[in-house]
Amino acid sequence: MLQEYMDRKYRTDNKPSVEANLIKNNVAIVGIGQTQYTKNSGRDELDLACEAIQNAVDDAGLKMSDIDGFDTFILDRLSLPMLINSLGTPNVRFSCEVSGGGGAGCAVAVHAAAAVATGQADYVCCYRSLNEASGHRYGRGDDFIEYMPVALTPNYGYIWPLGFVTPLGWAGVWGRRWMHEFNITREQLGWWPVVLREYAQNNPEATYFGRPMTHEDYMESPMIVDPLKLHDCCVNTDGAAAYIITTVERAKDLKQTPAIIAASAQCCPIEQEIQTIYQRPSISGLVETWYVGQELYRVAECGPDDIDVAQLYDPYSIGGIIQLEELGFCERGEGGKFVEGGDNIRIDGKIPCNTAGGLLSEAYLHGWNLVIEGVRQIRGTSYNQVKDVELSMVTGGPGVASSGIILRR
Amino acid sequence: MTVEYNPDQKIPHPAMWGVLYKSSTPFWEGVKNKKIMLQKCKSCGNLLNPPRPMCPKCQSQENEWITAKGTGKIYSWVTFNEAPHPAFKAPYAAVLVELDEGPRIVSNMVDVKPEDLEIGMAVEVTFEDVAEDLTLPKFRKAG
Amino acid sequence: MVKLIEGIPIMRPYIDLDNQGYWDAVKNHKLVLQYCTKCNRFIHPPRPMCPTCRSQDTMEWKESSGKGILYSYVMFTSPKMAYPAYELPYAVVLVELEEGVRIVTNTHEIEPDEVQIGLPVEVMFEDLPDGQTVYRFKKREA
Amino acid sequence: MAIESIKDKTAIVGIGVIDFSTNIGRSEWYSACQCIKLAADDAGLNIYDIDGMVKNIDDGPDPSYVQKGLGIDNLTYHSESHWGTSAMMNAVQGVASGSCNYCVYYQAAHRVSGPEKSISDYRVAREVKDDSLDMIRYDFFSPFGLIGQPGYVAMMYRRYMHETGITPEQLGWIPVVDSENAAKNPNAIFFDKPITIDDYMKSKVIADPIRELDCAPKVDGAIAIIVTTPEKAKSMKQKPVIISSNAAGMAPEGQFHTSYTRDVITELPEMKNMGDELFRIAGIGPKDIKLAMLDDTFTPYVPLQLEALGFCGKGEGAAFIEGGERIRVGGELPINPDGGLIGQGRFDTTRIVEAVRQIRGTSTNQVAGADTILVASGAGGPADGLILRKA
């Protein structure tokens, strides 16, 4: 099982050829939009979605009626017909939802790109709208009592009744195993959240803007689920974000510098459970992220050294750091050392990461904010702009069926 | 004939959905005050039914609420010979009323037997307290 | 450890046609695992098809020795992410059984500072007041 | 270069269908694994080569579950879709865009005996906690007792009767012809023998004017369909069925079965948008279609689909179906020779399966010369469809 991963030898003979890939270099993200990220929006999610989508449409220089496709991932609380009835888009030809939770952060772009590349839609809007701070939050323990007397699925039945209902806990199990096998220290872990918080100080839209944090602050923060401390965990956000995907051909006539998709990848390796990926031979790595990285590099015909800036889906610090290993930015087991001191992931480091503050310090918008920052880095409009960005990588969540894209100028 | 309810069963309440669709709240607040409220786009005057946070014609997010006259015509109806929900006693009818302002809303008739219903029948609103915490707009034959 | 707080129900497992045998056994204080008689392989979690030979009728339930090693764990220390039916702190551990599969479980009579990767453990069962039977793991001699 | 359209870029190479039942005695997970295995056998494909999976969001277990049984190491493409058979579009895009080689679309749903909620991650949790997450704004209907799809459709149907004069004696020919066809299809378990129009008229009126026989019954079933490129199909076991065209359509003011706020409520504009796109991509018109697989979940939608897809003019649907001659096998436009959903139960992918069998020439109720077939799904809401042709 998972021999390719165990041997670190990616099979390419069973993949569609790079020439057959219609997405590569043919599709681009041309518009980005968001609402304010707050702790209590006082508005419903449909309302927030409408605003973010309108902003994305304006940003692209399009009309609302141009949008003919919609895409998001499951766990979405909106009714698509109601969204369309509000936006007034006359003929929607494509819609899709991707499963896998946060892992689908980029898979949504993959499917939208596939629709655009095959002529099934002209302009697809990928949207996300949440009231997780003030309303319902996915993955909190106390939520479960009132509405879930029985575990949700057969496989959760072996896990959830043990007082084990939160993604943070599930990830803690493989996170601890990683720390154990490679002697990763808590001091090392802390540098990921600390550097992200530094980035957020330059981003006025970030939740933690104006609230700096030192490594000492991190060390003193309370333990939430041992091995994770409060500041290892993502923020709660009310807000919405959207981006628009079309062909490179159409992008030429639009307002913005297009962020061209050089490669897109999705993967669901076997024995996948949402975070509780405990049956695999080794659980101290992220099989999903490795597959995504390999496929991205294969299609984009590049390697980790060519990537200028990365937005890694980090619902908790370990999820971000192990991804650095699996994507080849550092050796396996070296993630702790790599982030120590923070320089490697700072703006002029080896691989600047989550330059808007990521999920820990900017917003937890299920990865939409990461795609948007990935686009800004290509446009040259980031609050923490990396110099001369040619290739900008974005990934989906760790420990779930995952995804990723590489954007280029 | 008026819709009859089984007293030991809870009639489906609209309030359950208020969290997700805040836009609907003024409509149900209006019903409590015995008014039918309609959402109107401030920018182009389009009536938005059902309520929503953006006008599909002009994409404005500014809107206001107006009070409907409460008169209209039956546009279509269904007679339930079997109750799909235990709170309702079959047979009963659900009607689709086209208000004079234009929007169509689903409701029930008061004092009209299902077999006497016809498309085009002129109707006017009346309000019925069907449960302690639920008032519904219903319609009766006009005049 | 793992103390239940009175009055708060604990979640029940999702029992369906594929895992009925597993939960029936737990009720009888036995830990069984799904086993493919064609591939001579233990499989967990239970499923309707063997992923190696893709047969749908060669699977049976085989009793586990109940012995294993603590492979990894988390310790719930804050009410924020914990399930409110349990007294804090409580551990959730991943045990690698002798049969090669890993199962998630709680601990029995193991102090928080004793919960460590590599600890030899074995299964025990407890009948809860609400009629449920649960399995937990306690220390054993290596 | 991005391509202009998906015309002829993909093909169906395998179908797997389990025996339908009203009490199947196994889990949906079991059936999902089983039907994919059957489809791979049918295609002559090694299951290990499947690298894409799509499904309807509400049906059956997620790809990550099915994969655990099938032993597929990695999927490079998977997604879910809401309505009808629109997941097919994702399969087509995945293969055509070069994102995967062999994409399987599976629908495993035990709607009679199965769990009320399918094993599909958080989705169920949301529904348990908060029914709002469903697609319709029920809050304006439920307090008045307008509950359930038969009622929703009845509201539209009454208006349709008023506007066009269609009668139950005319509409009844849909279940009558469905029952004739179903009697020939062993997997259509709801009719052993044909019914007459009298039988239909005696059928219980549940939400006047909708009768029991106007609604497709629930069923336990599972179906898998494998899609790949025509090039790869050449070396496979079955003669490929080429996907000439595939499209989906939505329209303003749409709600599931309850688009009552539109100016005209007795049309299917989603279906019209979808059909126009379908014919545009395929480069053909309604006259070229030899057989139509239409959505008969609720019978009033059949004449409306005939109108929306251009098989007859507006308001002419009733006359088209009356007497059944034009829609029987051998007629001008045979419809649902497998017995439709009235005969087989609510299971949208049966339409694709029957279309594939007709083109292969292996149907139990074969239509002569059925080389170009239209499949339509999602009547009364977002619509989707396919035009399939012989290679």
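A, B, C and D are the chain letters, set down in written order, and residue numbers restart from 1 in every chain.
The working rule: a residue touches a chain if its C-beta (ideal position, glycine included) is under 8 Å from a C-beta of that chain, and two chains touch if they have at least 3 such contacts.
Since this is a predicted model, take the numbers as computed values, not measurements.
**Q** State the chain with the largest centre-to-centre distance from chain A, centres being mean CA positions.
**A** B
**Q** So the centre of each chain is just the mean of its C-alpha atoms; given that, what is the distance between chain A and chain B in Å?
**A** Spacing between the chain centres: roughly 43 Å.
**Q** Where the centres are mean C-alpha positions, what is the separation of chain C from chain D, in Å?
**A** About 42 Å, centre to centre.
**Q** In angstrom, rounded to a whole number, how far apart do the mean CA points of chain B and chain D lie?
**A** That pair's centroid distance is 33 Å.
**Q** Could you check chain A for residues that touch two or more other chains and list them?
**A** 1, 77, 82, 85, 88, 148, 152-155, 270, in rising order.
**Q** If a residue has to touch 2 or more other chains to count, which residues of chain C qualify?
**A** 14, 16, 18, 45, 51
**Q** Where in chain B do residues touch at least two different other chains?
**A** Counting only residues that touch two or more other chains, chain B contributes 19-21, 56.
**Q** Which of line, ring, star, complete or other matches the graph of chains that touch?
**A** other
**Q** Which chains are in touch, pair by pair?
**A** Contact pairs between chains: A-B, A-C, A-D, B-D, C-D.
**Q** Going by the contact rule set out above, which residues of chain D touch chain C in the complex?
**A** Where chain D meets chain C, its residues are 25-27, 29-30, 33-34, 37, 47, 65, 68-71, 115, 119.
**Q** Spell out the part of chain D that touches chain B in their complex, as residue ranges.
**A** 130-133, 137-148, 150-151, 154-156, 158-159, 162, 204-210, 252-253, 260-261, 265
**Q** Hey, which residues of chain C end up touching chain A in the complex?
**A** Counting only chain C, the residues touching chain A are 2, 8-16, 18-19, 44-46, 51, 71-86, 89-90, 92, 94, 101-106, 117, 134.
**Q** Along chain B, where are the residues that touch chain D in the complex?
**A** 3, 11-14, 16-17, 19-21, 24, 28, 49-50, 56, 75-85, 87-88, 92, 94, 96, 103-108, 114, 119, 130, 134, 136
**Q** Would you pull the chain C residues touching chain D in the complex into a rising list?
**A** Of all residues in chain C, those touching chain D are 14, 16-18, 45, 47-52, 54, 56.
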